[in-house]
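Naming follows writing order (A, B, C, D, E and F), and every chain is counted from residue 1.
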Amino acid sequence: MEKPEYLFKNGKRLDGRKLDEFRKMKIKVDVIDNAEGSAEVEFGKTRVVAAVYGPRELHPKHLVMSDRALLRAHYDMLSFSVEDRKRPGPGRREVEISKVLSEAFRSVVALDRFPRTGIDVFVKVVQADASTRITGLNAASVALAHAGIPMRSMVTGVTFGKIYDDKGKTYMAVDVFKPEDQWGMADVAYAKAWNTGEVVLLQMDGDVTKEEFMEGKKMADKAMEYVYKEQVKALKSVYEVE
Amino acid sequence: MSNNILRKNIIDLLKGGQRIDGRGLDDFRKISIQTGVVEKAEGSALVNIGSTQVIVGVKMDVGEPFPDTPGEGVLMTGAELTAMSNEEFERGPPGEDAIEIARVIDRTIRESKVVPVEKLGLDDGKVWMVFVDMYTMNADGNLIDAGTLGAMAALMTARMPKYEDGKVIREPGKALPVTGKAVAATFAGINGHILVDPEEREESVMDARLTIGMRDGKIVALQKGGNGSFTDEQIEGMFDRALAHEKKLLKHLK
Amino acid sequence: MEKPEYLFKNGKRLDGRKLDEFRKMKIKVDVIDNAEGSAEVEFGKTRVVAAVYGPRELHPKHLVMSDRALLRAHYDMLSFSVEDRKRPGPGRREVEISKVLSEAFRSVVALDRFPRTGIDVFVKVVQADASTRITGLNAASVALAHAGIPMRSMVTGVTFGKIYDDKGKTYMAVDVFKPEDQWGMADVAYAKAWNTGEVVLLQMDGDVTKEEFMEGKKMADKAMEYVYKEQVKALKSVYEVE
Amino acid sequence: MSNNILRKNIIDLLKGGQRIDGRGLDDFRKISIQTGVVEKAEGSALVNIGSTQVIVGVKMDVGEPFPDTPGEGVLMTGAELTAMSNEEFERGPPGEDAIEIARVIDRTIRESKVVPVEKLGLDDGKVWMVFVDMYTMNADGNLIDAGTLGAMAALMTARMPKYEDGKVIREPGKALPVTGKAVAATFAGINGHILVDPEEREESVMDARLTIGMRDGKIVALQKGGNGSFTDEQIEGMFDRALAHEKKLLKHLK
Amino acid sequence: MSNNILRKNIIDLLKGGQRIDGRGLDDFRKISIQTGVVEKAEGSALVNIGSTQVIVGVKMDVGEPFPDTPGEGVLMTGAELTAMSNEEFERGPPGEDAIEIARVIDRTIRESKVVPVEKLGLDDGKVWMVFVDMYTMNADGNLIDAGTLGAMAALMTARMPKYEDGKVIREPGKALPVTGKAVAATFAGINGHILVDPEEREESVMDARLTIGMRDGKIVALQKGGNGSFTDEQIEGMFDRALAHEKKLLKHLK
Amino acid sequence: MEKPEYLFKNGKRLDGRKLDEFRKMKIKVDVIDNAEGSAEVEFGKTRVVAAVYGPRELHPKHLVMSDRALLRAHYDMLSFSVEDRKRPGPGRREVEISKVLSEAFRSVVALDRFPRTGIDVFVKVVQADASTRITGLNAASVALAHAGIPMRSMVTGVTFGKIYDDKGKTYMAVDVFKPEDQWGMADVAYAKAWNTGEVVLLQMDGDVTKEEFMEGKKMADKAMEYVYKEQVKALKSVYEVE
């Protein structure tokens, strides 16, 4: 695909959204029977499943910590979730994302309640249309809650980016999808512990001024509320049924 | 529940002709198949057999043929028993269970010749590579039959990318040629009782397992698994039962 | 090599055998000094060596079972045992064959007599002309007996396949060799615990009716007796000498 | 000294606006950069930030472009946290720390577009591969900023090999095109205090870390690390401080 | 028997000029070589030195030359210390012992230039790859000398496949060119005594080991192994003894 | 680069040295703060850094020896230390060199003074112009002394080789550099425990008569004294300063 002439025109992004508009979002809880907690989140065509196991015995032994649980996120993509087949097994990108996802949850989950154990959060991208790590983070957050693991707060994330119109003017936009990820001028993954507003995940590729970043962040903070409410709604629905 | 007690309970039930989830010895769990579940894949299917759920996708690429089969496409089948799908499964490269499952699914698809690889050559000497990858989403036994159904459904609904001037263009083109339908039926032997479509608790106490891959009333693949054994009579009985299941399984493939 | 016009003609297979005829078979016991038990088996040009070590301490520790030994078969091919060099080290095919060989012996060997130990059965294909796993199984069986490891029965295997003549008629045939493996319509690996007749290994690739399979199995059952007798003879010879 | 006691000591000092090695919260340690330290490399640099020392080298080779960017050179960044450079580092393939560090350095270099990869295509369809490898010689914290300086200095002084008749000739040819300068500034958050250029003792007790990659007064990369978090205000504050450091860091790049 | 007691026993015997199996200090064990033992291999040999048995095979394929030696064939030597051949050997990828053994065998074959790699180029720029792989069948010491004899015997009897229209045809063609014969003699030093062709019990208690690769009365490779050392005099003595063994070893190579 | 017509002419090697002449040598002690001992050695353009950690706890546990320390040398090259980029991580060559370097020190270091521990000697080639393992050995020896680890002797090494002139006459020469390594007829790595004269490392590739070898060895023994003195000088300088 050639670089498009614009990513934004007449107030609309390539998929018709406004700058602060989210893609269609779906959250389903309890999608994996065997897991203690699980959730599937869709942001448009991006679809990610998360499942939680633990607190449980931790291997290998040398990772055991006497005062708290080790929480590890394991992010991976199905081989057919992307255009060109991804070789099975985690590569460098997956290792890095697993690390930042793990770190995003460690200050929020009450790990000191489960010393000497492990909590595993599996995040599988079923279909990728950008924002997969943040979609996965939102799913993981719901799955942890569904597993009944105590957390200080729900963790909620959005992406935002910098896109251009046909005059070369640039704009900040939330919930980046594939063409914006590929051709836009910046791509930010951003997540907070909702109750406290602490930033637990922040990554950026791109080229922005401080002001642009702050403008995007403001849009993202607003959008986050929408995502958070969807997370809560999905969780409530499952507890009402159960 | 320890495995010994579980085994005793299951055997006690089997003596009365019953299974732990109430099924008869020759009953499959409820099967459902949904195709086209991953747009980015050339073909895909989500298969449920009871609470076992697997997702299978087909990706195609262009590559070199094997030296001994010039002009023939290459079919590769992989399986990941994701740690997400069962507490017992571990992360890391495929272990012997995942490798066996992938190879048995591969065997049924390949030997049934439902994908005419000889039609997957390209003008420039290159050939289509067809990657069929299965991932377990929730593993509750009988992954081989689920994976075989998924592979078949994904292949039957796959649309090939285009290939122009030595480049793969990822737009859905014509359908992948598929010339028939293959399915597999797996049986577990537990203390002399033979039951189809074992769920995980049954697999965890079974003596042995036999998978029978079929096409058009013929047997295209066999795989005995497990530490135990079968008698000659049991094997012949499983053949008859499997061939009866073939028709029922095929109904799920459109 | 091109696909031949026939694999069977005028009552003869490509190497001159009849349908129920075995290739020349040789069994040699005690071929590896350092092993507790060992054997070399030839089925025509297929030659496989098996060696047994154990019961012995088992590593890694997490594999140890408190009520019995862990028996593991390790099948591999020498890099130069086949036409095109095989990369050293076991691939997916070797892992699968090792698994089915391990399973073939586990119900026959008295593993409960050696709790907390490991028994290793190494199977190396020195030259491959089809039927290597079954040749290896027969060698392993003799090697286990030679090692003095108690078994309920000798384990004995044969292969059978489906071949065609120049009129397109098909036939079942025992002890498949390379062209029959490559060009025939089915290939079955099949093994029993001799004393009880239990089937401990069964694998097939191909395309057969139930009736064809049963016909081949009947031939194989008969051929198995010949193999079994050779196994016993080889073992006796070594015990008479010793 | 146990980590808890160290953390308490460091926090006590920070309350008085002091750091364990006497620096102010917004002071980098002494920086020095030496280029051309490995003649066999196309470019190389030895960077000291305090007692942290890293060596970065550039090697170039000719290879195939990525299918989606024909005609564009390929830039690859690696990092080895050598077991030689710190008692805590282990031998073996790169772990998650090394991978993260390499990828963050890569991000600043790549997103700042200082290496115009579109100029690294070759007439025969092949392209230049630019390998930037960092090794830690003595690891005492803030490896990302050191590695970014080293990568930048090595790239700026790299001379390309020649390419004739499909062969790479390893004689220093013209300079690798580099169109600008990128740097990174990393901050640690410890109990609400934000300090730049953390040394190892500070990293061992920090709550969280933020790396800010910059070019020409703009932000080109961000990476939050560590198990803790930052407030909105802290992040905005770090942006301002980072952009002020940019100029100072650039002085070390000739 | 513990290693310390074994060592004491062996040293006591050596003081009287005796070895544990009755040999003299300068005696090899009985050597036998059988070639053509694997028809599928281009060349093969089964070598016994006492109860040490190794099998060596040669396979040939067509591939790309190394960039710095265009037109020259590539010789690759591998060794697997099979878990089948000795209770102490473990499964898995080659460890440092297997790698050292392979590289020392390789060194003698390569440096003696018995295989004229410059004659193994092909018209289309590709070259012959010659893979020499050794497997231990029964490991009872001195694997290097056994492997070197086996490699030499397998090479000397190897017949090249054919190469037509860019394809390897696996029919035995003309003999692989081999222009001479190289052998190796390995000595163990135990408490000041130097003995040739150590068996496994001797290796398990030796201080150091020296392998001397030879061709035509000249030394082509040396490798000292083991945690101990040799004196200058011991080394010179081993040279003389090795060169005397060369002739005897060559007799086993037809 | 084409094979040169000669490596020696008019009494001079390609870099102007005499046959028994060393390249410019530099030894720097204490180059890595975090290590217990460290040194950098240059032989001409070959530059190697060595660092010592330990005696310290040893992992994995099954390597622990109850009566002594396990000393392990770990030789590796920076990816950009050579003409063609070396893939990161140790290959077969690096494994072999690490083994012979480990063995060179094990009889010299007083390992029995530190039972159940590990001593790690890291050897990194920063720039390679032949003789890297011997340069590394000399650096490791100084680093061990600098770490205060008791040794019976300094370990000192030199390389020597066989080179040719334009008439085809051959000569032995010490301290081989790249063209001599690549085009010469022999290449010997050779090291001794200085105090006792024991040979602790010896490797050769090439083609020499016994007499040629002995001649080279004699030159090397003489050259070794020079290296040894530099090692001692470097160590003294650091202890005077400290």
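What we mean here is this: contacts are C-beta pairs under 8 Å (C-beta built on N, C-alpha and C of every residue); 3 or more make two chains touch, one makes a residue touch a chain.
Keep in mind that this is a model prediction, so the values were computed, not measured.
The chains that touch both chain A and chain D are none; no such chain exists.
In this assembly, B is the chain whose CA centroid lies farthest from the centroid of chain F.
With centres defined as mean CA coordinates, chain F is found 57 Å away from chain B. Centroids built from CA atoms put chain E at 47 Å from chain D. Residue positions 84 of chain C each touch two or more of the other chains.
In chain B, 67 are the positions where the chain touches two or more neighbouring chains simultaneously.
Beginning the circuit at chain E and passing next to chain F, one meets the chains round the ring in the sequence E, F, D, A, B, C. Interface of chain F with chain E (complex): residues 84, 92-93, 95-96, 98-100, 103, 106-107, 188, 193, 196-210, 213-214, 217. Residues 67, 94, 96, 99-100, 102-103, 107, 110-113, 207, 210, 215, 217-232, 235-236, 239-240, 243 of chain E are the ones that touch chain F when the two sit in their complex. Of all residues in chain E, only 37-42, 44, 51, 53, 55, 57-59, 61, 78, 80, 82-87, 91, 93-94, 131, 133, 135, 137-140, 170 touch chain C in the complex they form.
Those residues of chain A whose C-beta lies close enough to touch chain B in the complex are 31-35, 45, 47, 49, 51, 53, 56, 74, 78-85, 88-89, 120, 122, 124, 126-129.
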